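In what follows, structures are represented as C-alpha cells.
Next, two complexes with chain A in common: one pairs it with chain B, the other with chain C.
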Partner chain A sequence: MRTVEELIELANAHLGTALAPADAERELTELAGWDSVHLLRLIGLLEQVLDRPVPVDAVLQARSLRDIWSAAVTA
Partner chain B sequence: MGPPPVHLLGTGTALPGEPVGNDRLAERLGIPSAWVETFIGTRTRHFAVDLDTGRARWTLEDLCTDAADRALANAGADPSEVDFIVLATATPDALMPSTAALLADRLGIQGAAAYQLQSGCGGAVQAFAVARALLSLGPAGLGLVVGGDVCSKHLDLGQDFRDLPPAALVNYVLFGDGAGAAVVSGRPRPGARAALTHLEHRLAGLGLPPGQRVEWFGAADLRSGTAPRTPVREDYKAVEQRVPELARELRDALLTAADWSPESVDYLLPPQLGGRMTERITSELGRGLEWEPVSCVAETGNTGNALVLHQLDRLLPLLTPAQRALVLSVESSKWIRAGFTVEASDA
Partner chain C sequence: MAITLGPAADGRTAEPFARPVRMNGPHGPWERVRDAVGRHGSVVVYGRLPEWLPADLDHPRLGPLLGRDHARFRAMGHPQVRARFVASRLLLKHVACAVVEAAPEAVELAYKPGGRPYLRGLDQIDISLSHTENLLLVGLTRRGWIGVDAEAKDRPMLGLGTEKQVCTPYERSALAQIAEERRNAALVRLWTLKEAYSKAIGQGMRFRFTEFGFSPQDHNVQVLRPDGEPGTGAEWAFHTCLVDRAYTVSVAHFDAGFGDTSDTAAATMLDDGLIAALVDGTGEGHRAQ
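Right, the complex of A and B next:
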C-alpha cells in the first residue's frame, strides 16, 4: 500500500463506504456514514494487507484518512 | 390522582463469574482493546459463558434466583410472602416454561402468579408498571420484580470477528450478562427504603425501523437454512441519535408528572448503553444541575433488563430521607421510553 488512495479503495471494497480520493484530507467526523466501527474494521483490514500490527493508539487519534494512512503505513 | 406508590423494600443483583476486562475481551475477539476503551468506554462485563470453551456456566434462571434471594434477604422478607413475580427479559432460557415460573420453583414459592415480559432495556420499568397495577388491585402481599439477560446465547465465539458487519460486532463489546431484583409492596412496611411514585413507559417510535433486533429460531429454521445469519443487530447510529432525544423527553415528562423542579432532584439514573455514551447523555441531561449520576454500565456492560435494577441497588443505600431520584431508560428495539420517579422513605 503506497498511497492514501489505495487505503480509500480498500475501505470502499470491504466496509461498504463510498469514499472519494478528495475525502483523504477531510475530518473523519465530516465523512458521511463514517464511524468508530469503520475505524475498527479498517485497522483489521490494514493489518491483514500489511501483514503486521499497526500502531493502534496513533490510528485512533487520527483526524483524517490521510492521518490513518500515515500512522499505519509509514510507521 | 395517579395509582398509589410502590414501596421498594429491598433489592439484589447477580453477575456471573469474574469481570472480563477489555484486554481479555479484545484478545478473544481479535480487536484492539484501545478501541473498546476509546469508543465504547465500558471497562468490564460478566459473561455466563466461559470465554475459552464457549460452555454456558450459568442460566438466566440461576442469575435471577441469586438476585431474587439477595433482594428478599435485603428486604427482610420470606419467599412465602411473595404473591406475584414479574420477570422481564429478552433472553429467556426457554420459550416454555417461563423463567418466571422456574424462578418461583427455585425460591420454593407455591401458588404465586408468575408473569414474564419479553422486553429490553426498558423491561424493568415495564415490570414495575405491571407490579404497580397488581398491587393497586388489592392489599396483596409482596411482589418480586426481576430483570435479567444472558446474551451469551447469541454470542458466537467461534467466528472471525473481523468479518462481522458493524451492526453485529458492536453487540460483542456492549453487552454483558446479569440479573437484578426488587421486592415491592403496596403498603409501607418498616424498613421500606424508598417508593416509586410516578411511572411512565411509552412507545415512541411510530413508523421507525427497530434500533435493535434479536432473532429466535427453531429446528425447522435451522434445517431449512432460513435462520438469520446475524441473530443480533443494532442500528447503533440510530441509537446514538435517538436515545438522548427520548431520554430528554422522558426526563421532562416525569418532572411534569411529579410536579418536581429540576433543582429538587438529587440523583439521576440515566440510560445505560455503553460507558462512553452514558457519560455523554448524563452530562447533557443534568447540565447546570447538581444531579448525582448512578450508573453501572462501565462495570457491568449493558445487561439489558437488569440495568435499572442494578442502578436501583446502587441508589437505595445512598438515599437519605426526602431525597429524590429520576430513573430514565430507553429501549431501542421499537423505541420505548421508560422511567419513574423515586422518593426516599422517612427514616
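Right, the complex of A and C next:
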C-alpha cells in the first residue's frame, strides 16, 4: 500500500463506501457514510493487505484517512 | 422518543431505564423530557433526521442557533454530512434547553479535545450524541456522566473481522454460544454498549474495545474485564433497547452522586453573572416550548 488513494480504493471495495481521493484530508466525522464500524473493519482489511498487525491505538486516534494510512504504513 | 434513565444506585427507582418517547421536532411538547429528568435525573431522546432538518439551511436564525458550530457547518461540503450535523445539533440543543429552560440560542455547545460535546457553563449536566442512518439520539443526565449509541439492529458485523477488534476473549466465547441467527444482533448490542461506555468516560474509541466487555444478558449489565470478571460497580448502569423496531440503542450512565438536584433550570444552576451573559441581554431569556 503505497498511497492513501490505495487505502481509499480498499475501503470502497470492501466497506461499501463511496470515498473520493479528495476525502483523504477531511475529518473522518465529516465523511459521508463513514462511521466507527467502518474504521474497525478497515483496520482488519489493512492487516490483511499488509500481512502484519497495524498500530490500532494510532489508527483509532486518526482524524483523517491520510492519518490512518500514515499510521498503518509507517508502523 | 425519550428513554428515562434512573440513577444507577437509587433503589427508589423501580425501572431505571423506561418508556421510550419520540420527539418529532423542535416544537415539542417538551414536558415529557423535563418530567423524565425531574423524576429520574436523566433522559434519552431520539428523533428522525428529516423532522429536525431545517427547510432552509441558509436561514439567518441558523447562525445563532448553531452558535460556534455554524462556521464548521458552513465549511462542510457534503449535503448528507451537513444535514446530519445540523439536525443532530438542533436536537441536542433543544433537549438541553428544554431541561435548563433556556432558549437554544442561549446555550453554547462546545467540544472537549476528544470531540465529546458539552454545554459550556452547565457543568452539572452531561450530554451525549449519536446518529446512524437517519436516527438521531441524545442522552442527558444531571447525575453524572452519560453515553449513548445507536446502530441498525441488522447491520452486518459478524464474520467481517470486527469481532477481533471489538470483543474480549470472554465475549467471543459467549457469542459462540448464542444461536447463529441471533449472533449478529448480539454483536451489534455489544458494539453499542462499548461505544456508549466509551463516550460516557470520555475516551471514544481511544479506549480499546478488546480491553473491556459486557455479558450477553441484558439484566444487571456491568463492565467486565477481558476474562469476564466484573470491572465496574453499582455506580454504573447500562441498558439496551430497540427503537422503531430497527435500531439497537445502548445507554451507559455513571451516577456520580451529585444528589437529587431536581431544579436544573439555567437560572438555578448558573451564577448570576453567567446568566446575564447567556440570556438575550434583556434579562428575560426564552424557554423552549
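Everything that follows uses one rule, which is that the second predicted complex is superposed on the first by the 75 of 75 C-alpha atoms of A that agree within 3 Å, B and C clash if a C-alpha of one lies under 4 Å from a C-alpha of the other, contacts with A are read in each partner's own complex, and residues count from 1 in each chain.
The definition used in the following text is that a residue touches a chain if its C-beta (ideal position, glycine included) is under 8 Å from a C-beta of that chain, and two chains touch if they have at least 3 such contacts.
If you're wondering where the values come from, they're calculated on a predicted model, not measured in any experiment.
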item: Three-chain arrangement built on chain A, chain B and chain C clash or fit; value: clash
item: Chain B versus chain C as contact partner of A:V56, first or second or both or neither; value: both
item: Contact breadth on chain A, by residue count: chain C or chain B; value: C
item: Which of chain B and chain C A:I43 touches, first, second, both or neither; value: both
item: First (chain B), second (chain C), both or neither touched by A:R66; value: neither
item: Which superposed partner A:T29 touches (first chain B, second chain C, both, neither); value: second
item: Clash with chain C (superposed arrangement) - responsible stretch of chain B out of 6-14, 24-32 or 60-68; value: 24-32
item: Doubly contacted chain A residues - partners chain C and chain B; value: 35-37, 39-41, 43-45, 48, 56-57, 60
item: Chain B-facing residues of chain A, complex; value: 35-41, 43-45, 48, 56-57, 60
item: Contact set on chain A toward chain C in their complex; value: 29-33, 35-37, 39-41, 43-45, 48, 56-57, 60-61
item: Sites on chain B touched by chain A in the complex; value: 30-32, 34-35, 38-39, 162, 166, 169-170, 236-237
item: Contacting residues of chain C [partner chain A, same complex]; value: 76, 78, 80-81, 85, 115, 132, 151, 155, 157, 160-162, 164-166, 191, 195, 205-206, 208-209
